[in-house]
Every structure is written in C-alpha cells, then in structure tokens.
Amino acid sequence: MSDLLRPETTHDLAGDAATLLGVLREAPPLTHCITNAVVTGFTANVLLSLGAAPAMVDIVDEAGMFAGIASGMLINLGTPTPEQRAAAVEAVAGAAASGTPWVLDPVAIGALPVRTALAHQLVGHRPTAIRGNASEILALAGLSVGGRGVDATDSTDSAADAALSLARSTGGVVAVSGPVDLITDGERVLRVSNGHELLTRVTGGGCALGAVMAAFLGAARATTHDALSAVASASLVYTIAAERAAAVSAGPGSFAVALLDALAAVGADDIRAAARVEGGAL
Amino acid sequence: MSDLLRPETTHDLAGDAATLLGVLREAPPLTHCITNAVVTGFTANVLLSLGAAPAMVDIVDEAGMFAGIASGMLINLGTPTPEQRAAAVEAVAGAAASGTPWVLDPVAIGALPVRTALAHQLVGHRPTAIRGNASEILALAGLSVGGRGVDATDSTDSAADAALSLARSTGGVVAVSGPVDLITDGERVLRVSNGHELLTRVTGGGCALGAVMAAFLGAARATTHDALSAVASASLVYTIAAERAAAVSAGPGSFAVALLDALAAVGADDIRAAARVEGGAL
Amino acid sequence: MSDLLRPETTHDLAGDAATLLGVLREAPPLTHCITNAVVTGFTANVLLSLGAAPAMVDIVDEAGMFAGIASGMLINLGTPTPEQRAAAVEAVAGAAASGTPWVLDPVAIGALPVRTALAHQLVGHRPTAIRGNASEILALAGLSVGGRGVDATDSTDSAADAALSLARSTGGVVAVSGPVDLITDGERVLRVSNGHELLTRVTGGGCALGAVMAAFLGAARATTHDALSAVASASLVYTIAAERAAAVSAGPGSFAVALLDALAAVGADDIRAAARVEGGAL
C-alpha cells in the first residue's frame, strides 16, 4: 500500500489521540462490551485503567436497552454462546436505533461456522468499525477461509485490499491489527507502527484493543473527530502504552500488568513523542 | 448519619476482624460463589489469597446442593445468564434449607430489567447480607432507578436511609460500598474509612468484597460473632489490604496484583493499627 | 508405591521434557480448551507464555470440528454449563475421529451430580490423559465420593491405586497432582517432586496444568515420545517454572504473574538442572 500513501496529506493522528484521550478521561465513556469469556476481565481492566467505564451486559432483554444508554459498544465473537449471539443481535439493533457507535471483532472467523455466519449477519448492520487480524479481515471480506484459530496467519499488507473493500461496502472503518496496524475508512489509510510483540503473548491483547476503540468512538461523539480518527487514536494510545510496558517487563505476565499501569499513566506528551504514524488519502 | 452515632457504644471492629481472620485461616470456609463472568477469576484469587476456599458452582442441579455444603455463599448479578439465574434461585433455596449465610450483590440493578426483577425476587428470601454501591442500594430499596451501569452515581450518605430501611425489612445486614463503607443491621451503623481509590480502577474491586463477606460470614459460624461484625470485618480487612497494596503500586495493574499479596500477608496487628472505624447503636 | 519403583529403569524425563519444550516452541501446538469460566483467561495466558497457541472453542457446532483441527485438547469440567457439556461431548467425538490427543480434568467430581455423570461418560471415550487431584482421581475410579469442592482432601499416595486402575481400564495416562505429582500409564509410574505450595493459592494453578499437558501431547505428535513422557514432561516444566516464580514472589498475586514470566523463560538447561523425578516400571 505504500505507493498509495500521500505524505503531504499526513493526518496529525498524535494530536487527535492526545485530544481524545483527554476527552475520554474527563467524561469516561460508558463502554458496553459483549465479549468472549477468555478476555472479559482483562478487557474491563484495560478500559478502567485507560479511564473509560466498562460494562459487560451480554444477556437477552438487557443488551439492547443498554446499547442505547452506552457511549460506545464492542461485539466480540470469541466465545459466542447462544445467549451471547442473541444478545449481540439485540444490541446491534439497539445501537442502530440510538446512534451508538460500535465495533465488530470477528474473532477466529473463517473455518468456524457459527461465528462466521453471525459475523456476516452483523456486518450487514454496518458496524462503525471492524477490528481483526489479517486472517479475520480477509475471511470477513470473503477472500480467505481464515486462520486456524485466533492467530493471524496472513500479514497486515495481505489484508489491505480486503480492508479497503470492507470499509467501502460497510461505510465504516476497518482496522487490521499486526506488527503494523492499518486503519482505513476506504478513502484514507493510516498505519501505526507502534506496539510490541509481547501483545501477542497475552490473551486479549487484541480483543481489548477492540474495546478501547469502542471507548474512543464513544469519547469522539462529544468532539468533531471522525471514526477514522477515533479508531486510529485508540490503536496509537494502546500500542504506545504497550511499548512503555514492554520496557519494564520480564515476560508476558509482568507485561500484562505493566500494560494496565501504562494505560493509566500515558499522557498527551508521551503520545506526541512516541507516535510512529504514516498515512493520508489514497 | 453522624448525628445518629453513639460513640460510647463504639464497636471493637478491629478486634472482631482480627479474630475472624484468624478463624478463617485456621479453617478455610468453603465459599460458594455464583458471580459474574468478568470477575470470577479475580474473585477466586481474592478468596484464595485471604485464606478461604472458593468454589464457583453456578449450574442448575448442582448449585442448590452445593449451597448446603458451603460455609458461606455469594450471589452476584453482574452477568446473569438464564442458567445462572436458575442456579441462583436454586442456591438460595439450598442455603435457606441448611442455614448457610449468603450475600446478595445486586450489580447494576435499576434500569436493567432482568437483574432488577431477580434482585427483588431474591431479596424476598432474606439474604444474610446485601452489598452494593449507593446507586444499587437505593434501587433495591425502591428509592432510585439506579446508576447507568456498575458505577456508583450516588454517594454513600445518600443511601444511608435506604440501607437502614432494607436492613429492617430483610432482617439482614446491608453494606454500602464507597469512599467510606457503611454497614448496618438496622439497629447499629458502622463506618469503615479505610480503602483506596484504586479499588475502583480494578474490575471486581467491589464484587470480590462481596465474596470476602461471604467467607467471613462462613468463618463466623464457628464463633459468637454476628453478621454485622462479620460483614464489617470483611470490609475492614479488605480495605486495609487495599491501602497496603496501593502503597507499593505503580497503577491499576500492579495494584490488583499487590492486593492479592496484601490479602495473604495482612495480619491481626496490621488490622488493629490501621483500622479507621466509627459507629455504634443508632 | 516406593517399593514398586525400579530405579534401574529410571526414565530420563528431564531430557524428554527439554526436547518436547523445544518442539513445542518451534511449532506451537494449537491447544483447544473447553474449560471453566474461572480460569479460562489464566489458562490461555499459561499456554501463550509457554509458547503454545490456545483456542477456547466451547460452543456446539464448532467444538467438534475444531477438535479435529487442534493439536491437543483439554476438557475441564469446572463450570459445566449445558452448552459446554454438549460441546464437550461433540469435541470428544471430533478428537476421536481425528486422533487428537485429549486430557480430561474432572474438577470437583464426586458429590456434584452433573459433572460426575459427565466425567464418567467422557472417561468411557478413553481420554489420552486424565489429570486431577487425589480426591478427583479416587472419585473417578469409583473409590471415593470426592472432596467437598476443588481442594484435594486425599493425598497423592492414597490415589496411587486408583490412578493405576484408571490407567489400565482406559488405556491412557493418569496424573495425580499434589505436593508430588504421580503420573502413570498403568505400567510405569513417574513421580515429579518439583512445585511450590503457592500453586494452590492461585485459581487455575491445577487447571492450567491440564492445558499444558494437552499442549505437550500435541507437540509430542511430531516426535517418538509417548503420552506418559508428554504428560510427565508437562508436569515437570510447569512445576519447575513454579519454583522459579516462587523465588521472586511476594505472595499469591505476584506469584501468578511470575509464573507466566517463568513459563516463557524456562529452558532446557533449567529443566535438566532442577528436575526431581523418580520412577520406572512397576
């Protein structure tokens, strides 16, 4: 994709991220998560550390109403029980009715039939953003049967066309997570090079980022920042916190703990100093 | 409420807590938790660190029987799936039949209809103790529609009348968690001023306290301490451990880890030295 | 059992474990876990730290297919919802059809009827390995009604005959966890004396070992190592990591974090230096 970038139109993503982080901490967005059983505690802790207000309301007859109250919402398909599937459908309808921005994370779709069918159904409801690894984005765009599980088996670059295609067909933002995060709204592409390999050694390292995107989308509602800016800001803040955490960690266990500390400590100046972003209009 | 306190009848809560903590560690109470998916691991770790024996038995046809075997029980309504709702009803009947003390934590009731209906149903079965933040206690007493989620949007003081009213109508103890914890049996009010703001930055910071109360209620069965003393002792030990943890933490992630270490390390002398308690008869 | 050991046939378990750990890290085995809600995040983190690739696919219509794709599988009965019970049955059939090795962890069976019936049903499908504490192994062999919960109330030695009997009747390996881990295939018995008491103060300390066994069984498929060697290697690597973690921990919280770091750091030389193993043919 590098030939498509227009450096002259480079987005001031670090500035956006610094602003939105301040907004988020000033008025914590109620962030509604329907997410998988493996990462639900870690996801809530990531949101609390950052300064957002998590709430996991994943049962039928509550999820839809709550989607209307929430500032932002995540639907993550990691362990989609029948109850969660029904709650997700209800929540997406509730979000649509009230204009709540929402993120779809199509975990491990491709070979696994139940979540794959649900992901395709939900994508038809036009998520504000879609976050996945390259394999998941390729599978959601119909260009691959996906990886063997939750790992990315395709590179971020290989999913760039799929991401653009999905962004254009849904009208939303698509974020491909990997060593470099690629975020696009179908017209602009941003690449965030921050991050650390240890994020792949902690369960929920990617899933929690989807929740952070929902929180930033919630915070952005009080601003003039668009969804591309909010989603890419989430990626930037999260991956900069990961770098800070890795610098003080002895392994995956202490990294996960330090990531929470870093999410609470990272500030506007840190973001401006550490950001490694490329991008602009196609 | 301060005008209602009778300093001359001040309860020696630090002494009670020190004694009960020793009893708990000597004969770990089997603490049965039906709790939400977000905090179940953290809750079990809090109980294990303290010295209690957690068991999460939240399926139909086992929960009721297990309630009879357990020393104490927690019913937390944070993510009440249909299976958990049925298991909770079964467990409460089992606890009643065998005299097992139990704690109800009506997480986020008020606006959310499923858990609110269930909380009102369960409160009719007279929990030994009810623990919630001010918004939840107000909602359970019928005096508010509750907060927007799991956060307290009302102050502890604002819920004092609701707590007294609930304690009198149920015959149980009511604990309102906040910067100051208020614990009442309808005749006496205790206030615990220990604690730390970081408890609100860790998911399960409040939910796990409900489980600790169930463990202390279980331990107290072998003693002459009443439910008020057991519940307030749990609050005191837990919040003193939180203070110790905060003193060695760099943020919410390391605080959660240090809290578990502190719960294992805190002893009778620490409790007597650190306790900040007021209270007595109304 | 010490009279039954033949020192002259002592197994070079440390060598096997060092080799298998290298194989596992070179080609991370996809490790399919249907496990309980309390420990699912910790279990995934243990596998990721070690170098394996966890995937928790516990819903009907996906679990069976995924069992065929996976390198190894764990069925843990800690919180067996109806959906998980059906998924477990489906997964065991899928594993059988494709030759995927699998581990059964019969958590807290004995007095609790639902999981006990399911454990007996699943054991009839001949798990590659069974892991439990002494009380659970006794209950599975029909020699005890089990403990009062997840704690072992019987000693490892008391379960040696039950373990041998189960191993012979199922044709699989049986591992009894305790201060000394006993692992047998019905013809040979290995005893691993490594480990630390803090493993019992962390929820999932035992459950995650079952997942590590599934990962080692998956890794062993590319080698000539048999199931006894793989299961005992898992026990050895895990308990040596626990010793390293305990040496740098201040309590149960920091121990759990340090265990993840140690699982990522432990190498072949560490294993050869620290192994405390006895065993051989009966």
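To keep things simple, chains are lettered A, B and C as they appear, and every chain counts its residues starting from 1.
Following the convention adopted for this analysis, a residue touches a chain if its C-beta (ideal position, glycine included) is under 8 Å from a C-beta of that chain, and two chains touch if they have at least 3 such contacts.
Listed by chain with UniProt protein names: A, B, C = Hydroxyethylthiazole kinase.
Remember, it's a predicted structure, so these values are computed and weren't measured experimentally.
Participant: If I superpose subunit A onto subunit C using their CA atoms, what angle of rotation comes out, to the nearest 5 degrees?
Facilitator: It is a rotation of 120 degrees, to the nearest 5.
Participant: Pick same or different for copies subunit A and subunit B, depending on whether their interface residues overlap by over half.
Facilitator: Different residues, largely: of all residue numbers at this interface, under half are found in both copies.
Participant: Taking each chain's centre as the mean of its CA atoms, how far is subunit A from subunit B in angstrom?
Facilitator: Roughly 34 Å, centre to centre.
Participant: Would you please write down the residue numbers of subunit B that are in contact with two or more other chains?
Facilitator: Counting only residues that touch two or more other chains, subunit B contributes 37, 40-41, 81, 256-257.
Participant: Can you check the complex and tell me which residues of subunit C touch subunit B?
Facilitator: 36-42, 78-82, 108, 111-115, 148-151, 200-204, 249-254, 256-257
Participant: Help me check something: in the complex, which residues belonging to subunit B touch subunit C?
Facilitator: For subunit B paired with subunit C, touching residues are 30, 37, 40-41, 44-45, 48-49, 53-59, 61-62, 65-66, 69, 81, 83, 256-265.
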